[in-house]
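Take this structure, written in structure tokens, and hold onto it; I'll ask about it next.
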Amino acid sequence: THELATYCLMLADDALVMSHRLSQWCSNAPDLEEDIALANIALDLLGQARLLLARAAAADPSVVPALPAGSPVPPEDALAFFRGDREFRNVRLVETDNGDFAVTIARLLLFSTWRLALLQRLAASRDHVLSAVAIKGVKEMTYHRDYAGRWFLTLARGTEESRRRLIAGLEATWPLRAELFTTHPVELAVAGSGVGVDPSTVADEVDVLLEQVFSMSGVDRPDIAPLAGVRGETGRDGLHTEAFSRLLAEMQVVARAHPMGSW
Amino acid sequence: THELATYCLMLADDALVMSHRLSQWCSNAPDLEEDIALANIALDLLGQARLLLARAAAADPSVVPALPAGSPVPPEDALAFFRGDREFRNVRLVETDNGDFAVTIARLLLFSTWRLALLQRLAASRDHVLSAVAIKGVKEMTYHRDYAGRWFLTLARGTEESRRRLIAGLEATWPLRAELFTTHPVELAVAGSGVGVDPSTVADEVDVLLEQVFSMSGVDRPDIAPLAGVRGETGRDGLHTEAFSRLLAEMQVVARAHPMGSW
Amino acid sequence: MTLAPEADESELRAVFEATIERHDRIEPRDWMPEAYRKTVIRQVAQHAHSEIIGMQPEGNWITRAPSLRRKAILLAKVQDEAGHGLYLYSACETLGVSRLELTEMLINGKQKYSSIFNYPTLSYADVGTIGWLVDGAAICNQVPLCRTSYGPYGRSMIRICKEESFHQRQGYELLATMMRGTDEQREMVQESVNRFWWPALMMFGPPDDDSPNTAQSMAWGIKRNTNDDLRQRMVDMTVPQAKALGVTLPDPELRWNEERQSHDFGSPDWDEFKDVITGNGPCNTQRIAHRRRAHEDGAWVREAAMAFAARGAEA
Amino acid sequence: MTLAPEADESELRAVFEATIERHDRIEPRDWMPEAYRKTVIRQVAQHAHSEIIGMQPEGNWITRAPSLRRKAILLAKVQDEAGHGLYLYSACETLGVSRLELTEMLINGKQKYSSIFNYPTLSYADVGTIGWLVDGAAICNQVPLCRTSYGPYGRSMIRICKEESFHQRQGYELLATMMRGTDEQREMVQESVNRFWWPALMMFGPPDDDSPNTAQSMAWGIKRNTNDDLRQRMVDMTVPQAKALGVTLPDPELRWNEERQSHDFGSPDWDEFKDVITGNGPCNTQRIAHRRRAHEDGAWVREAAMAFAARGAEA
């Protein structure tokens, strides 16, 4: 169905775009171990994205952008590389620029705590593909959250500078948090049919987990208003930040130059 | 002829790519006056590029990339937005990242001193279009060179930090200088027929002018080897830096998404 | 800054009020009430900041302009905005505040800029829409300001208004060209208008019954029309242009009122307006961070220029 | 670092030489001549630096990979290179030099890395070509090093070689897929091979008669084959693969020599090689600047981690 496909795109795009941002750390991380760990996380998310894009295409082939007749581009790539920015359904949290390592860690903590909670519930989805993706994803997200939590604590309790940067990073990220728990009509519909998860239902659980990390780290929960959308629309509606079309321009440039290409 | 067209592309691409880099300063300059001045210079160069691209297309329509039948995209835009990086003929000097204001000024000084000398000779071209472009361009380049020279002196004699940055900027730019005076076979051919200028013939004159600026500024002429090409190929042969395909990805993204678009 | 000896104040105030009464200009050396000075500074600074911050949403598309002609038009336009900022900061400086102080008030959030620039630009159509609707609204706002009581401000506005109407025509022309293009381009234009229509109407500020400063500003001749007057003028001006373009304005309540000889229209989402005004708009943080970064990155250059100039003065 | 009392030196040297003679491993705690230690450090560090700098040319295309499958393959490959760097720095640390010292020698230009990474990657085909030719050359170089005399280095090489041959197959497979694609893709592949063929052959180092360190390194069992031997092996291995791919190797002198049962081939441009080795290659400055920036940008994170660990140790 179209709703299931749209829901899969939401989950897929979150993973794909977050993976893109993390992959930009490659050869830029503070140490080799972090280069490796961030690439690992990016690879896990890329893997999730691929399965979810394929599920979206199978659920409703009409979501896949049309390519010239005979194009060998598979559906997952048509979806990743041939949609415009207004057709991407990811939350805005994942698309903004990386900033420094502290911003990246703060974002990864919010993202992985949230997504882990979602996937834990999604494991019980009536859709067997989604359920399988979720079960595999839970293991991955647990590692991502632990990694982010460990670094969050380390930076908070490291040096004065790392603490200052961490708090700034958390504050920069916080306005994008509310969007994670705002239910989109499509999410409501798939939750109703036992296929998807209404993200508002994981808000409390995620909050408790974040509070634990904040309290261990001696960091106050930020008191910053959510980032407004435009006419009430946000990432899930295809309304993104200025950074996003630049991200896509880079991500899609080679694929789009070769719509008949085989890779 | 194809040679004339290729020569026009060389001159056009230098201006277009330099204009692109300068336009990236817009809203990022150290002061409003510099925002305005750098935009002015970018606009002048963009104007030169447009005339030269049109001349290239007129001299040999086969250089213009093919677009779908009925496309309203004019030749200047087909050339700017639908060529790949290997088809651009600009020197590599103009395409590297802006760096800080000092790098930008050092590059602009080298570029404008060189291009002014070229256009001064090109004013006598047997090709009336090139001659007209050159005559107009000489006035513009004189301003650009004066602007760059004034800032070069100011930074050299300003603060310790500005002097340190200026020298670093000059040293970062210097390896790309040799390419400006290396004669490409196409340049040799058009120089032979009185249509173009062999850049090696302006080397001494440019050197004298640069020496004047260096000596007023109390800056030593750098002693740094030229940046090697690959198999002897450099910008004029379509062999560019890694930065260049990223520049084009950004510059061309909207145009390429709409090959039938009217703007 | 002119300093008036206290003794003369009532006489000076009478001269000031007579000047205002005659709809004549107050000049920098003239005596003026402190509250007037502050209000003019606030308004002119806000206007200057809007020009400077306004460079960002459009500047976002310079490197991606889809034709060289449009790139030249856009670059020149954004450059004009820098120029407008420059005149307006100069007008402000005649009241004794430096550009540096004003810039610091901007990046510390102590002075505002037009809320419209806290919306993102998401497609090249936005360049046209900003020209058409945002510059259109600015003109409605600014044409009366050419007669504003503070001389340097009024004279800046005359020059700025000329350039703004040029920009507005260019924006309209871009949209008209795109509407003659492909279906995708038409969709881009409509989508862009959908996003910018309400924010453009909100540019005139809150409804009159919720605009505390309007009365005093009008009495002083700093402001010449109420927010709602100007908003109505904008709607009446824009509806026929939208029709000519072939785009739909996203307001189901919009219709011609034969009796008023004017358009009725819906009410903007004032909650969203307050959200954006108070700093939570989609781009507030981004715009200020950009300005701050540019300002801080440029500090060493400005210092070098001052040091160099000082050395020249010594020699 | 093991310190040998001077008295025992001749005895220790005899043990060392016997170990080398037996083609056995020297281990970190064993006595070794200072020159041997230095040579091993130089070679292993250069190898480690090559892995780390080698992340850049391929990493340049991760964000632009044209399919998600290729993106995953590329990201995993670059990650493997970071892993190789990690083992090799560890192998080096067994000789008493820290990773930080090695990194500083890299970014200060005191230690080298493979000259191949000073060439730019200009299209996605380069990802395939680097896998096929550059990893191919690396394997020719490294397989013999699995038997190198220094234990930790040899054991690292065993693991690395396995992964490198996997990467080489993946690179070849990308090129093969592209060759079955469009004309433009075939051109990309050929253009890429044209650029990388000679630099790949230069990876084996200067000709034997111009390679001053080879003899000592071979005597010590650090190196197992001469540069020219390995280069010949690479050419013989690659020619049939190029044929299978359908690409032309850009060497007019390349032909089968029936008598030698091997290929004759032209001479690389050793002047270009020297240019690149001495720092003027197309990307030397860029690669080091990138590494330096990442290292410096990460300093506060490494400091935080150390401070945090120290605090944990206290508690």
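By letter and in written order, the chains are A, B, C and D; residue numbering begins at 1 in each of them.
Definition applied: a contact is a pair of C-beta atoms (placed from the backbone, for glycine too) under 8 Å apart; a residue touches a chain by one contact, two chains touch by 3 or more.
Every value quoted in this text rests on a predicted model; they were computed, and no experiment measured them.
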| item | value |
| --- | --- |
| Shared interface partners, meaning chains that touch chain A and chain C | B |
| Computed distance of Cα centres, chain B from chain A, in Å | 41 |
| Chain C and chain D, separation of their C-alpha mean positions in angstrom | 58 |
| Centre-of-Cα separation between chain D and chain A, whole angstrom | 35 |
| For chain B, residues that touch 2 or more chains besides their own | 249-250, 253 |
| For chain C, residues that touch 2 or more chains besides their own | 64 |
| Contact graph of the chains (line, ring, star, complete, other) | other |
| Touch relationships between chains, expressed as pairs | A-B, A-C, A-D, B-C, B-D |
| Chain A-touching residues of chain D, taken from the complex the two chains share | 52, 55-56, 59, 61-72, 75-76, 78-79, 82-83, 85-86, 89, 99, 124, 174, 177-178, 180-182, 184-185, 290, 293-294, 297-305, 307-308, 311 |
| Complex contact set, residues of chain A against chain D | 16, 20, 23-24, 26-36, 39-40, 42-43, 46-47, 49-50, 53, 72-74, 76-77, 80-81, 100-101, 153-155, 157-159, 161-162, 165, 250-251, 253-255, 258, 260-263 |
| List of chain B residues in touch with chain A within their complex | 84, 246, 249-250, 253, 256-257 |
| Touching residues (chain side chain A, partner chain C) in the complex | 85-86, 172, 175, 225-232, 239-242, 245, 249 |
| Contact footprint of chain A on chain C as seen in their complex | 57, 60, 64, 119-123, 191, 194-195, 198, 269, 272, 275-276, 278-283, 285-286 |
